[in-house]
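Let me give you the structure first, and then I'll get to my questions.
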Amino acid sequence: MRKIEAVIKPFKLEEVKEALVEAGIEGMTISEVKGYGRQQGHTELYRGAEYVVEFIPKVKIEIVVSSEEFATTAINIIKETAHTGKIGDGKIFVSEISNVVRIRTGEEDTEAL
Amino acid sequence: MRKIEAVIKPFKLEEVKEALVEAGIEGMTISEVKGYGRQQGHTELYRGAEYVVEFIPKVKIEIVVSSEEFATTAINIIKETAHTGKIGDGKIFVSEISNVVRIRTGEEDTEAL
Amino acid sequence: MRKIEAVIKPFKLEEVKEALVEAGIEGMTISEVKGYGRQQGHTELYRGAEYVVEFIPKVKIEIVVSSEEFATTAINIIKETAHTGKIGDGKIFVSEISNVVRIRTGEEDTEAL
Amino acid sequence: MKNKFLTLLTLLALPVLTFAEDKLDSGDTAWMMVSTAFVLLMTPAGLALFYSGMTRSKNALNTFSMVMGAFVLAFVVWIVVGYSLAFGTSGTASIQNFIGGFGNIMLNDIKWDALSGTYPTYVFIAFQGTFAAITVAIASGSVIGRMKFSTWMIVVALWGILVYAPITHMVWGGDGALLFDAGALDFAGGTVVHMNGGLAGLVLAILVGKRIGVNTTAMKPFSILLTAVGAALLWFGWYGFNAGSAFGANAVAGLALLTTTIATAAAGLTWMLIEWLVYKKPTLLGVASGIVAGLVAITPAAGFVGVSGAFVIGIVGSVIGFFGVVKLKAIFKYDDSLDAFGIHFLAGLWGALATPFFALQNTDTLWDGPLKESITNGQAPDVMGQFMVQLESVLIVGAWTLVGTVIVYFIASALTGGGRVDTESEEIGLDESIHGERGINL
Amino acid sequence: MKNKFLTLLTLLALPVLTFAEDKLDSGDTAWMMVSTAFVLLMTPAGLALFYSGMTRSKNALNTFSMVMGAFVLAFVVWIVVGYSLAFGTSGTASIQNFIGGFGNIMLNDIKWDALSGTYPTYVFIAFQGTFAAITVAIASGSVIGRMKFSTWMIVVALWGILVYAPITHMVWGGDGALLFDAGALDFAGGTVVHMNGGLAGLVLAILVGKRIGVNTTAMKPFSILLTAVGAALLWFGWYGFNAGSAFGANAVAGLALLTTTIATAAAGLTWMLIEWLVYKKPTLLGVASGIVAGLVAITPAAGFVGVSGAFVIGIVGSVIGFFGVVKLKAIFKYDDSLDAFGIHFLAGLWGALATPFFALQNTDTLWDGPLKESITNGQAPDVMGQFMVQLESVLIVGAWTLVGTVIVYFIASALTGGGRVDTESEEIGLDESIHGERGINL
Amino acid sequence: MKNKFLTLLTLLALPVLTFAEDKLDSGDTAWMMVSTAFVLLMTPAGLALFYSGMTRSKNALNTFSMVMGAFVLAFVVWIVVGYSLAFGTSGTASIQNFIGGFGNIMLNDIKWDALSGTYPTYVFIAFQGTFAAITVAIASGSVIGRMKFSTWMIVVALWGILVYAPITHMVWGGDGALLFDAGALDFAGGTVVHMNGGLAGLVLAILVGKRIGVNTTAMKPFSILLTAVGAALLWFGWYGFNAGSAFGANAVAGLALLTTTIATAAAGLTWMLIEWLVYKKPTLLGVASGIVAGLVAITPAAGFVGVSGAFVIGIVGSVIGFFGVVKLKAIFKYDDSLDAFGIHFLAGLWGALATPFFALQNTDTLWDGPLKESITNGQAPDVMGQFMVQLESVLIVGAWTLVGTVIVYFIASALTGGGRVDTESEEIGLDESIHGERGINL
C-alpha cells in the first residue's frame, strides 16, 4: 500500500478533495502545516519592526491507497487540481505503508481502506 | 523500527494514551488533523446559508517502536481503546523507519527510543 | 530519497531552519505537534482543580532529501542546533520516500526537490 | 425599593436638591438612564463573556446564546407580565403579600410621562427589567454544556413569572409585600438577584444532571482572557446595579459607589492571595472570580455600610466564594459548572446576613425595619432583630426559589421531551449540535 | 433635531425642570456627555467587533481597520467642514434647503461656552460627530474583503462632505431645511444614519464587485463570539444614540430608552425563533443580527411611539432584516458581505415608514408635521399625511445617497487607481497584504 | 485640581446653574459617578486588552493579570493610605509641600454624606482612586514577559505610597502643595498619570533587564484585534478621565470632551498616515497606538485649549509617540516592551509642555498661575512664564518618579529574591509558569 502526502496551497483544498472523491478515493486526512521553500514569505509589521514570515500556510493531505494504480490516479489528480503554475504550488511525496487497520472493525490491509 | 500512525476520535486520546503508557510505550507525538471518510460531516449555518463541513476533527498519534512485537502491542491497544464501533473510529497505518536519533544524547536506532 | 522527520522544541525552530538553509537545504514543511515522553508536562489550574498537561508543544520538521549524504548533513545540523542537553530535546526519524512530484512543474523524483 | 427609597428621601436631611414630589430632576434622570444602560451591559456582554470564556471551546457559543437569549426573552416577559406582578399593586392584601397583580400587564395604565419620584417610571421599568433578565441569566452558568436550548428558553420564560416576579414583589414591592413589611434590607438584590439566581442554578444543575466526564477529564476553559474581560465589564456595569439602586444621583449613590469599589478590589485581591497560598499559583481566573464574589457580596449592603464594612464584606465574600467553588462542590459532587451557586448564592447569602452588622447606624441611610426603628426610638441598635429579619428573608426567598425552580424545570422538561441533549450532541459540543456554529475559525 | 426639540421643549408641559433658555442644566449636560461617549463606543468597539467577527479570519483586522479608520477620519472631517455644512445656517434660502453653509468651518465662531439649549454646543458638536462617523462606518460592512484601504479612506472623507452632511442638514437642519420644513419624523437617524449608511454600502458593494468565490466557497466567520459582543456593545451604546437624541435627561429620553429596549429584545427573540422554525437551528449570529435589526428599526421611532408600537416595530424589523439577509441577497446576488444594506437600510426604512402609524398621538412628543398639526387643530390624526412626508423623506434621502455615493466612489477609485485590490492580495487576505498583520498568533 | 476647580467655579461667570457651596447638584453627581465608572473600565478592560493583545500568546494572561492585579491592589492601597497622603491636609507647611499627611488613613474622618463642592466626597475619592490604579498599571507595559508577579505586586503597593501619592499631592493637593502653588497646569493628569507611569515603566524595564531574544526573534502579538478593542475602550473611558476632571457637568467638561475627541481622532489618523508613508502599510496597531498617543497628549490640556490647539496637540503627540516607539527605542536599546514610556511618557510630556501655548486665554478656564495672572492683570499673556512652571513641574515629577521607582524596585526585588523569573519560566511563558493557565484552548 502507498501513502501519498501532498503539501498544497490552502485555497486549493476544496477543489482537490472534490476531484479525489469523484475519482473514488474515499478517505483522507488533512492537517495545517507551514511550508518553507522557494516561495517567498511575506513581511509582517510590528510597531515599525518588520519581520519576515518565511513559513507560508499550507495544507497537507495524506491518503493511503491500496494499489499503485490508485496512487497514480491520486497523484495525477492532485497534480492537476492543485496546480496554479506559480511558485509554491507544493509537492507530493509517496512512500510505502506496510499495514493498515480499521479501528471500528479490526479489518486489516487493503480491506481497511 | 516501525512507525505507527493512528487517526482517532479526539475524545479517545486520553484513554488511548494511558493504555499505551501502561503497556510500556513511553513516547509519542500527537497532532490535530481533520479527517474525511465515511463518517458524515455536519452542517454549519451562516446567515441562512448552510454549508457542509465534511472534514471532521481527529487526532493523529505517531509512535515509533523498536520491534515488531511492540508494534503489535501498540496496534492492539489502539484498536481496543479507540474503538466505539461507530463510523469514524479511524485508522492505523504502519510503516518502516530506517533510523532514529535522540537529539539530546545523539544516541541512534533503538537506543534512541 | 529520504524523509527526515524531526520533533524539536518550538523555540529552536528558527535556529534549526537557518542552519539547514545555510547548508543548502531549500525546502521543508513544519507543523505544530504535541509530544509525550520523558519530559514532564506541567500542571494547569482551573478553580482549584489541578490537571496535568502531559502533552508538551513541539514542532515537527519534515524534510525530504535526495541523497544519503544530504540526509546525514540534515541530521547532523538538527542534532547540533536543536540540542539543549535537557530532556525533551526531541527525536529525528528517518524513512524512505519512493517518489516526489513538484506540483507546479510536474517534475518527479530528485528533480522535484 | 422604589417606594422605600422615596420615603427615605423625603425623611432625610440629605444635601440633595430638595424637590416637591413628582417633579422630574434631570440629574437623577440622567443617572437612572445611565444605570439602566450599565446593567444592560452586564448581561449580553459582561456575564456572557465571563461564562463563555470558562466553558470548553465546543460550548462557548451555546453558553453565550443561553445568556443573550435569556436576556431578550426575560426582558420581553418582564414587560408583558413580570413588571405588573412585581411592582403592580393588588387590592387583596393576601395577594399583595406575594404578587402585585395583573393591572399593569403590557404596562397598561402607565403613561409615558409618569414619574417614579424624580425620574420617569418608564426608566424605572427598564431598569428593573435588566435586573429580571440578569437574574435568570446567572442561573445558566450551572447548566451549560448539556441542557437543551429549547428547555432553557422555556425555563427562562416561566421562571421570570413564577419565581423572579413574586420574589421581587415580596422584597421590594412596597407596603403590603411580605418581606418589605417585615423590614428586610436588600439594597440592590443580594436575595432577589444573586441568591435567587444562584440557587436556581444549583437546582437546575441537579435536575439536569452532570456533564459527561465532569470529574474525570480536564475541561479546559476556552479563554480565561474573555472571562477576565467579562468580569471587568460586570464590575463597570455593577455601578448601575448598586449605585443605581439609590434611585437618584445622591449621597447614598455615592456611598454605594465607593463601598462597591472597595469590596470588589479587596475581594479580587483576597482570592488571588488565597490561591497563592494554597496552590502557589495565583490565577487570572482567581482574580476575576474574586472580583465577582466581591461585587455579589456587597450588593445587598452597598448603600448601608461604611468603608470598613465594605472591606470585611468583600474579603469574607471572597473567602466564602472560594470555599464554595473549590471545596463545597468537591464535597457534594454536584456539577455547578461555572459556579453560579458557589459564587452568587453563597456570596449573596453572606452579604444579606452580614448587612445588619456593618450597617451605618443612622436613619438617613437605613430602610424601615428593626434596626432603623430602634435607632429612631433612641434605643440600642437592634442588630439581632434586623438579623432575624434578614434570616427570614433569606429562608423565604430560598424556599420559594427551590420549589419554584423545580416546578419550572419539570414543566419545561415535559414540554421539550426531556431537558437534556443526547450524548452524542454533548460530546460533539452544543455549538455544533444545537447552533450549527463554531466559536472560532482560524 | 436640535432646534425642533427646543421648540418642543418650550411648547410642552413636560414634567421637566423648566428653565429659561440658554441656561446650562447639569443633568442634561451630564446625559449628553454620556450619550456622546456611548455613541463613540458603538463604532471602534461595537461595530468593529460586530463586523470583524463575521469576516473570514484573514480579513478580520482589515475590517476592524476600516471601521476604526473610518471613525477617526470621519470625525476629523466633521469638525473641519461637516458640522458647518450640516448644522450651520446659510443666508440663501435655496442653499439652506440642502446645506448649512461654510460659516462654521473648523468650528469657527462657536465659543467654548456657547449653549445648545441647556447644554454646551461643543457637546452637541461631538455628539453629532459620532453620528457622522458611524454612518459611513456602517457602509464598510458591505465591501469588506476586497476594497483597497486607500480607496476606502478617500470614500470616507468625501462621503462625509457630499452625502452625510447634506442629508443631515435636510432632515435635522432646522428652519429652511428641506425635509425639516416638510415635517419628517426621524427621531434618532433612521433615514439620516441607517438607510443612508446601508444604501451607501450596497452601492459600493455593487461598484466594487463581489468577493472571489462568494457563492461557491464557505466563508466562515472568524468568531461569532466577537460579533455577539459587538452587538451587545452596540445595544449599550445605542442608549446614547436614541435616548441621547432627546437632547436632555427628560421624559422623552425615558420613553426612547424603554422603547429601544423593548424593540431590541423582541427583535432578537424574533430572529432566533424564525431561524429555529426555518433551519431548526437558532444561531447566536441570528440573535445578534436580530438585536441590531431591532435597534435600527426603532431608531427613527424611539421617542414617538409607545410600548405596543415598540413591540411591533421591533418584531417586524427583525422579520424584514431576516428577509433582507437571507432572501433578497440570494435573489439579487449582490455581495452585501456583512449585510449593511440587508439590516441597516431595510430595517431603517421600515422604522421610518412605520413611525406615523405607531406614534403616540400627543403634541408633547410629536415634532412639527402633518400629524402634530392635525392633532393640535383638533382634527382626526393625519397619519396618512405624515406617512407621505415620511415617504418623501425616504425617497429624497435614498436618491441623494445613491447618486452621491456613486460620485464619491468614482472619484475615490480614480484617485487610487481602481478601488479593488488585486486577486492575489484578496486570496492571501487583506490583513496580510494591506496591513502586514495577522488577527491572531497562537 | 479639586480645590482649584472650585475656586474657578466661584470666580467665573459660567452659564452653569450657580449654587451655594456645599450643596449637592444631582447633575454633577451623576456625571462624576459616571466618570468614575468610565475610568474604572479603562484599567481592567481597556488597558488590560490593549496590553495583552500586544504580548506574545504565552504571556497574554500574565499581562492581563499584571494590569488587573495592579488595579485591585492599588485601589486598596489608595483607600488605606494613598488618599490621605495625596488629598489630606498636613498642618506642617514643609510636609504639606509634598504629602497631605496621615489624617485620613482608611478614610478616617470623612463622613458618607460629606461633599466636595457639588458632589459627594466619596465619589471624589473613588474617582481619584481609579487614577491611582491606572497610573501604576500603565507601567506594567514596559516589563511584561519577565518580571515576577510577586515582585510586581509589591512594586504596585509601594509605588502607590512612595511615588504616586506624593506626586498627586504636589500637583493637585491644594494650597501649600509644591507645584500647585507654583501654578502648574495639568488638567487631567499629563504629569501625574502619564509621564509618571510611563517613566516608571522605563525605569523598571531597565532594572529588570530585557526579555530574552528581544531584538533577534520575532515576538508576534497575540491578537491586535484585542489591542484595538482595548484602545476603543480606553477612548470611551477617557471621557471620564478628561471631562470628569472638570468635576461637574459644566461647560469646561464639554470643552474637554470635544478637545479629547478631536485630538484623539487626529492622532489616530496621523499615526496611520505616517506608517503608510514610511512602511507602505498602515497597521491596525498603528491606528490604535495613535489613538492612545492622542488621548495621552490631550490629557493635561483638555480643559484649557480650543479646537485648533486640540488638533495640533493630537497630531504632534502622535508623531512624538511614533518617534518614541520606533526610533528612540531602537537607538537606546532598552526593552520598553509595550511602549509605556514611548507613548505615555513622551506624549504626556509633550502635552504638558504644549499646554501654555495653546491654552484659551481667558480667566474662566485657566487655573491660577503665571498665565492667568497676567491676563487677570490685563498684561500680555505670560506664556513663557507658564511654560517655565510647566517645565519645573515636569522636571520635579520626573526626578521624583525616577528616584522613587528605583527605590521601590530594589525593595520589591529584595523581598522576592530578585525581580526576574528564571530563564526556563520565561521561555515557557509566564501564563504557564506563573499562573498555570493558557490564554486560549481550542
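The chains carry the letters A, B, C, D, E and F, assigned in the order they are written, with residues numbered from 1 in each.
Here is the rule we go by: a residue touches a chain if its C-beta (ideal position, glycine included) is under 8 Å from a C-beta of that chain, and two chains touch if they have at least 3 such contacts.
Bear in mind that the values here come from a model prediction, so they are computed numbers and not experimental data.
> Identify the chains adjacent to both chain A and chain D in the sense defined at the top.
Touches both chain A and chain D: B, C, E, F.
> Find the pair in C-F, A-E or A-F that has over half of its contact pairs, by residue number, in common with B-E.
Comparing each option in C-F, A-E or A-F with B-E, the repeat is A-F.
> Considering E-F alongside A-F, which chain pair is linked by more C-beta pairs in contact?
E-F
> Chain B to chain D: how many Å between their CA centres?
The separation of the two C-alpha centroids amounts to 47 Å.
> In angstrom, rounded to a whole number, how far apart do the mean CA points of chain A and chain C lie?
Averaging C-alpha atoms per chain gives centres 18 Å apart.
> Listing for chain B: what residues touch at least two other chains?
Only 31, 44-45, 50, 95-96 qualify.
> By residue number and range, which residues of chain D touch two or more other chains?
Each of 25-28, 30-31, 34, 220-221, 249, 279, 281, 283, 285, 435-438, 440, 442 in chain D touches at least two other chains.
> Mapping chain-to-chain touches, which pattern fits: line, ring, star, complete or other?
other
> If you go through all the chains, which pairs of them touch?
Chains touch in the following pairs: A-B, A-C, A-E, A-F, B-C, B-D, B-E, C-D, C-F, D-E, D-F, E-F.
> What does chain C use to touch chain D in their complex?
These residues of chain C touch chain D: 44-48, 50-51, 53.
> Report the residues of chain E in contact with chain B in the complex, numbered from low to high.
Residues 218-221, 275, 278-279, 281, 283, 285-286, 289, 322, 325-326, 330, 339.
> Show which residues of chain A lie in contact with chain E when the two form their complex.
11, 14, 42-45, 50
> Enumerate the contact residues on chain F facing chain E in the complex.
14-17, 25-28, 30-31, 34, 38, 56-57, 220-225, 228-229, 231-233, 235-236, 239-240, 243, 248-251, 253-255, 257-258, 261-262, 264-266, 268-269, 272, 279, 281-285, 287-288, 290-291, 306-308, 360, 364-365, 440, 442
> Help me check something: in the complex, which residues belonging to chain E touch chain F?
Chain E residues touching chain F: 22-31, 33-34, 36-37, 40-41, 44-45, 48-49, 52, 60-61, 64-65, 68-69, 71-73, 75-76, 79, 106-107, 112-113, 115, 119-123, 125-126, 129, 149, 226, 249, 434-442.
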